[in-house]
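There are two complexes below, and they share chain A, which is joined by chain B in the first and by chain C in the second.
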Partner chain A sequence: MTVPVQAAAEQITLQRRPARRGSRRPRAGSYGRARGQGVGYLFILPAVALFLIFIGYPIIRSIYQSFTQWPGFGPSTFVGFQNFSAMFQDPVFVTALVNTIEFTAVTTIVATFLAMVLAAVLRAKWRFGTVFRVAIFVPALLSLVVSGTVWGLIYEPNFGILDTFLNAIGLHSIAISWLSDSATVVPSLIVVGIWQSLGFYMLIFYAALHDIDPALYEAAQLDGASVVAQFRYVTMPMLRSVTSIVVTLNLINGMKVFDIIYVMTGGGPDNASQSLTTYLYSLAFGGQVAGAIPAIGYATAIGVVVLLLAIIIVAAQLAIGARRRLT
Partner chain B sequence: MNENMNATSGGSISPARNLAKAMSEGAMGRRKFLGVAAASAAAVGLAACSSPGSGTTASGSASKTGKKATVNMWSWYTEDQPVWGSVIDEFQAANPNIQVVPRTFGSLSDYSPALEAAVSAGSAPEIIAPATLAISYGRAGILLDLKSALGSSFINDFFPSTNQEYSDGDKQYAVGWEAQMFGLFYNPEILSKAGVDFPETWDDLITASAQIKSKTGLVPVSLNGNPSNNAADFYLPLVTQASNNPDLVYQLDNLSNGASWNSTYPIQAFEMLQKLQQNGVFEAGAGAVTYDEALALFYTGKSAMLSFGSFIVPGLLTSASPAFNKLYKVGMTPAWTAGARHWGANQAGAGWGVNAQSPNVDAAVEWLKYIYEPSRYATIMQKSSSMAATMTAAAQGTNPIVREMASWITDNGCNHILFGVGSETAVGNAAAGVIAGKLSPTAAAAQAQSAVEAARRA
Partner chain C sequence: MTTHSDFRHSDVPVKHVAVRTLGYLVLTVVSVVCVFPLLWIALTSLRTPDSAFGKSFIPTAAEWTLQAYSSAFTSAGMGRGLVNSLIVTACTIVGVVIVATLGGYGFARFNFRGRRPIYIAILSTLMVPGAVLIIPLFLEFKVFHLLDSLQGLALVYIATSVPFAVVLMRGFFERVPENLADAARIDGASELAVFFRVMLPLVQPAVLTLAVFQFLSSWNEFLLAETFLRSADLLTVQPRVYAIVGQYSTNWSLLCAAVVISVIPVVILYVVLQRRFVAGLTVGALRG
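Up next is the complex of A and B:
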């Protein structure tokens, strides 16, 4: 059985030239060892410094900012946990939180499973398989803004191709205004999110499928397993570690979804499609459009919540994955 | 540790593996290393940051000292972008110690975060397009009081509505650059085909809409409902029409004189909005239709009329065909009843403020006076097909559509931009809810009032 790819750290081994009998093997001097380490640290110092300046410091500063009220000009006022306590009394925040969780959960489950199935189907050698693989992957090459703009036009109820097509085939009852109805706006956005990411995850699964020993499938066929059974009892277990990675990526992308919502609906209608990130953006920078004074402190507090949620969800996912590897 | 470590397979130890081993043993001390790195990073970061309010900008020194001053001017007024080159060249030739650097963002959404970041960093440009933050910035000392800087004779030539929106007590923190007036743009060919006249009242519009749909199958009125503040643009003049009181929206914005969104006239206005929506006056899903989509419906001949402001004229010159630009016309916003005033949304969506904290304040004021010189200002507005904010320049407009709409301002202009905390969002969402058929008029009014109160408590 082919051993799945392990992290690089697990494969590093050190080999030493054995000492000759009766001779003293020169010990690596402490000076020489420290000098080597110092050089190594110097090499990585720029990257660490950049990380601390552009990621570490802003995170620390943002956490502090989340405990203040600040309109973006003048002095800020320290308010303790007021921003956090206000969140759960803020109906728009609650809506945004629910939307974010819904978007993340649905896109993760559907995109992961669909990508796995598509990869397995396209793995089979059949005509035009390459064409389909490329076609499915193309959306992943588009920027999210472009995807959102294109789908906004597709969903447009007056001249968009979706409703035009539905009307043309007589399905007038479902040729609705997808993005202006609070009941359909989030599912419509979820479709776009899945469409955008499906090709990328399919590619990951497709590459991983090549590592599965064909002998396993031969054995399963000899045992009379159907195609579906082979997928369930051979493919899926063998893709477990890759699935964990795909799920983690999906979760992270879902938690920070912004572009397609901002471009397609701006969080509307009436905040029905707000996500945590679009809401915090509108609080911080939407003042000119919405006629409100920027609320940088509150927006930053929401950003901290997004960070904490992402850490919790990904940590849980990694813990579950690690436990499965041990069993 | 891997058992291969003690194997006698030979082979030298690679530098990478040496490094990995050394790091795993932590010989130098990871804590010490990270501490040094953090301190270095902090030092670099602090050195890169300039303290707010230091007054040192990349603009150079103030013109007061006679040294060259730079006047940075930020906006999202894309229609003016082609005009600035020659105007700036002439100004700089006459004022060799002042350099003007315009920066035009693609949209308000692009401009807003950049301006807020610049203001926060204390490096705001000398000339700002402040929009709805004019009063807030003025009270914070960021914007200059232009009433005292420019003088009352300068200010008095502006349309009163454009002065009012930037005024706070006896101070004024910005001046209008482009006035705007809303109306109902229409395609006379479609109206003729449907056998209808331009509507005088909202009931006339409902009747005409039914004819337009049955005879042509087209959308009667395309409306931009996304973002929701555009829905408020349509709704707020209805409040003025229902009450026939041009000050009511201002009072509602400030919740002054006992004004409440959950009261008679705002509810009546929501009822009219609902009536229009239920009679199919607007396109399907108007609440989700963007500015570009609403415009496209009109100039591609899919809608008979378009409810919008005079600021779309430059956009139509760019997007629509020359034939369509000669074809379309504009009429006043329909009235509440026959013979009533055609109150229509009016104020200035575009204006200029001066950064009071800049060392180049004098140079900025000089530049403002230059661009507002009556004949020069009128020429700039003509070239960009925009509506001037001063009465003198507006009367010299050459675009017939803009000129006609400017003539309505004095007698029919009313407020449609809300500056109070939470007002625009609250009212826009309520109006969008009615347009979407999700909110009843009473529910919308209650929601608007509740949302405004919640925003002001926060």
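Up next is the complex of A and C:
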């Protein structure tokens, strides 16, 4: 610390010192916790201000707006739960809800399991182990827009590599137009979601595996446990807390799936691949109209449904975590 | 010991070979599935537009060209996109680091009325999906006249990143031994001086991790950028790639070149900062 700064600093602190009363005498090791109240507020002020203006207020406004009808201009009318009850008469909403749940469930189960297995496999010594690890991780560097664009070309029916490959090996019957068939569009999008996120989750598991005591594996080997048994009875239990984090991340990412669908299908064909977020976006910004319902209030209500689903996921994770600690 | 290894020698090696073969097979298949599409994109970006629909996977000698890259920069505006993304990302990183280190330190080291409830309020919004905020944020930014501007986009990135970053930095500050700060205080340093001269240097690796995480999330962000930016010359990289997909859907070389250009900065950072980069990515797992 340079002397002038120290001198200037001294003046400021000297003025403040007497303000600290004897009763607030800090415990050893937590000296700073007992510092004057005002200084603490100053440190958190910028963060709290941004939080209130750009997160707190929008959430409250969203909840309010979801009980209104508003075309985006002029006054909004309060309509109670009408937006929410209208959802279940809206076939596009139902499709979007089903798609979102399907996308979330399948990506969560497949990506979590596959990532865990790959991490466990990669933990062993392999020739070119690093190459495999980097290769599997690479898609995680890409944005969802890029992943969507890449896979849009892959699925392209005339020149995309998927159908080119299928035709080359004689499977002409399944070399179809993956994204324009309402039966295959959602599974095709799910594949992209898994492809993009797998490396990231694998990396989280891989990092966590380093914290497992190697003695556990040695003990299991001495007991004659097979590789699969070691995975089942050592790796999986030891990764339990990380698994719950990965599952939650997966669920939340599934819940808010937007970019991939927006880029690859725009929710089509004929709304068959809408998710909750792409649907609410198309209502609010894309000029799509749901029946006779003005867009903004209804779209916000769908956003509140997404919020509720996220809350349920987090609450479930906390409840499971709490039960685990008790037992 | 000898008995054990004798026993193991009898049956394990055979199994071992089978397991290893299976392992290599699985790793190879997954790696190819992960990398092959990107290889195809890279090759397509390096060939003439017509030959993108040809039969050969690897371009023939006559088909190699950098033409797609020059048109990506000249007619599709990728250069402008890179500059815009760089500006927004840099501002976001600086803003988030300042606000989050101050805030994280405040929550970790000071006792003030309402500290716990305020912190819990911030913590509980970590999982709020962006799509929930997009409509009210859009309306709010319209009122502030911050739509369609890079400053506005940086501001919304900073604001939406702050909760996570504060939680992260608070965790790091709590692990720093307090006696160093006390020593500075005894020397008469002000709280601000303690923060900037003592505490901040101590969490420097954490700040770098946060910066890398922030770089990735801002660079790859699409929803807010697509919604808030309207003018063609303000588009950042992600909405621009999306626009190119719509505009040049039949020019695959150009499309692929745009994709490659948008990814290059991330790859450079990854190569330069490998360890830190992986830490920055997985630090996001704390969101759980």
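Just so we're on the same page, the second predicted complex is superposed on the first by the 283 of 327 C-alpha atoms of A that agree within 3 Å, B and C clash if a C-alpha of one lies under 4 Å from a C-alpha of the other, contacts with A are read in each partner's own complex, and residues count from 1 in each chain.
Just so we're on the same page, a contact is a pair of C-beta atoms (placed from the backbone, for glycine too) under 8 Å apart; a residue touches a chain by one contact, two chains touch by 3 or more.
What you see is a predicted model; the values in this text were computed from it and never measured.
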| item | value |
| --- | --- |
| Per-residue touch tally on chain A - higher for chain B or for chain C | C |
| Chain B versus chain C as contact partner of A:Phe73, first or second or both or neither | first |
| Which of chain B and chain C A:Phe88 touches, first, second, both or neither | neither |
| Partner chain in contact with A:Val48 - chain B first, chain C second, else both or neither | both |
| Touching partner for A:Phe165 - first (chain B), second (chain C), both, neither | neither |
| Touched partner set for A:Asp270, first chain B, second chain C, both or neither | first |
| Which superposed partner A:Gly40 touches (first chain B, second chain C, both, neither) | both |
| Contacts of A:Gly56 with chain B and chain C, given as first, second, both or neither | both |
| Partner chain in contact with A:Gly286 - chain B first, chain C second, else both or neither | first |
| Partner chain in contact with A:Gly152 - chain B first, chain C second, else both or neither | both |
| Interface residues of chain A shared between complexes with chain B and chain C | 9, 12-14, 16, 33-34, 37-38, 40-41, 48, 50, 53, 56-57, 152-153, 158-159, 284-285, 296 |
| Complex interface listing, chain C residues touching chain A | 4, 8, 15, 19, 23-24, 26-28, 30-31, 33-38, 40-41, 44, 52-53, 98-100, 102-103, 105-107, 109-113, 115, 118, 121-122, 125, 127-140, 155-156, 158-160, 162-163, 166, 178-179, 181-182, 184-185, 187-193, 195, 197, 216, 219-223, 226-227, 238-239, 241-242, 245, 252, 255-256, 259, 262-263, 266-267, 270, 278, 281-282, 284-285, 287-288 |
| Interface residues, chain A side, partner chain C - complex | 1, 5-6, 9-10, 12-14, 16, 29-35, 37-44, 46-48, 50-51, 53-59, 61-62, 65, 118, 121-122, 124, 126, 131-132, 135-136, 138-146, 149-154, 158-159, 161, 195, 198-200, 203-204, 207, 221-222, 226-227, 242, 244-246, 248-249, 252, 255-256, 258-259, 262-263, 276-277, 280-281, 284-285, 296, 299-300, 303-304, 306-307, 310-311, 313-314, 317 |
| Chain B-touching residues of chain A, taken from the complex the two chains share | 9, 12-18, 33-34, 36-38, 40-41, 45, 48-50, 52-53, 56-57, 71-74, 86, 152-153, 155-159, 176-182, 185, 265-266, 268-271, 284-296, 298 |
| Chain A partner contacts - residues on chain B that touch it in the complex | 1-2, 4-13, 15, 17-23, 27-28, 33-34, 37-38, 40-42, 44-45, 108-109, 111-113, 115-116, 119-120, 131-133, 136-137, 140, 142, 219, 225-229, 283-290, 293, 296-297, 300, 302, 417-425, 428-429, 432-433, 436, 438, 455, 458 |
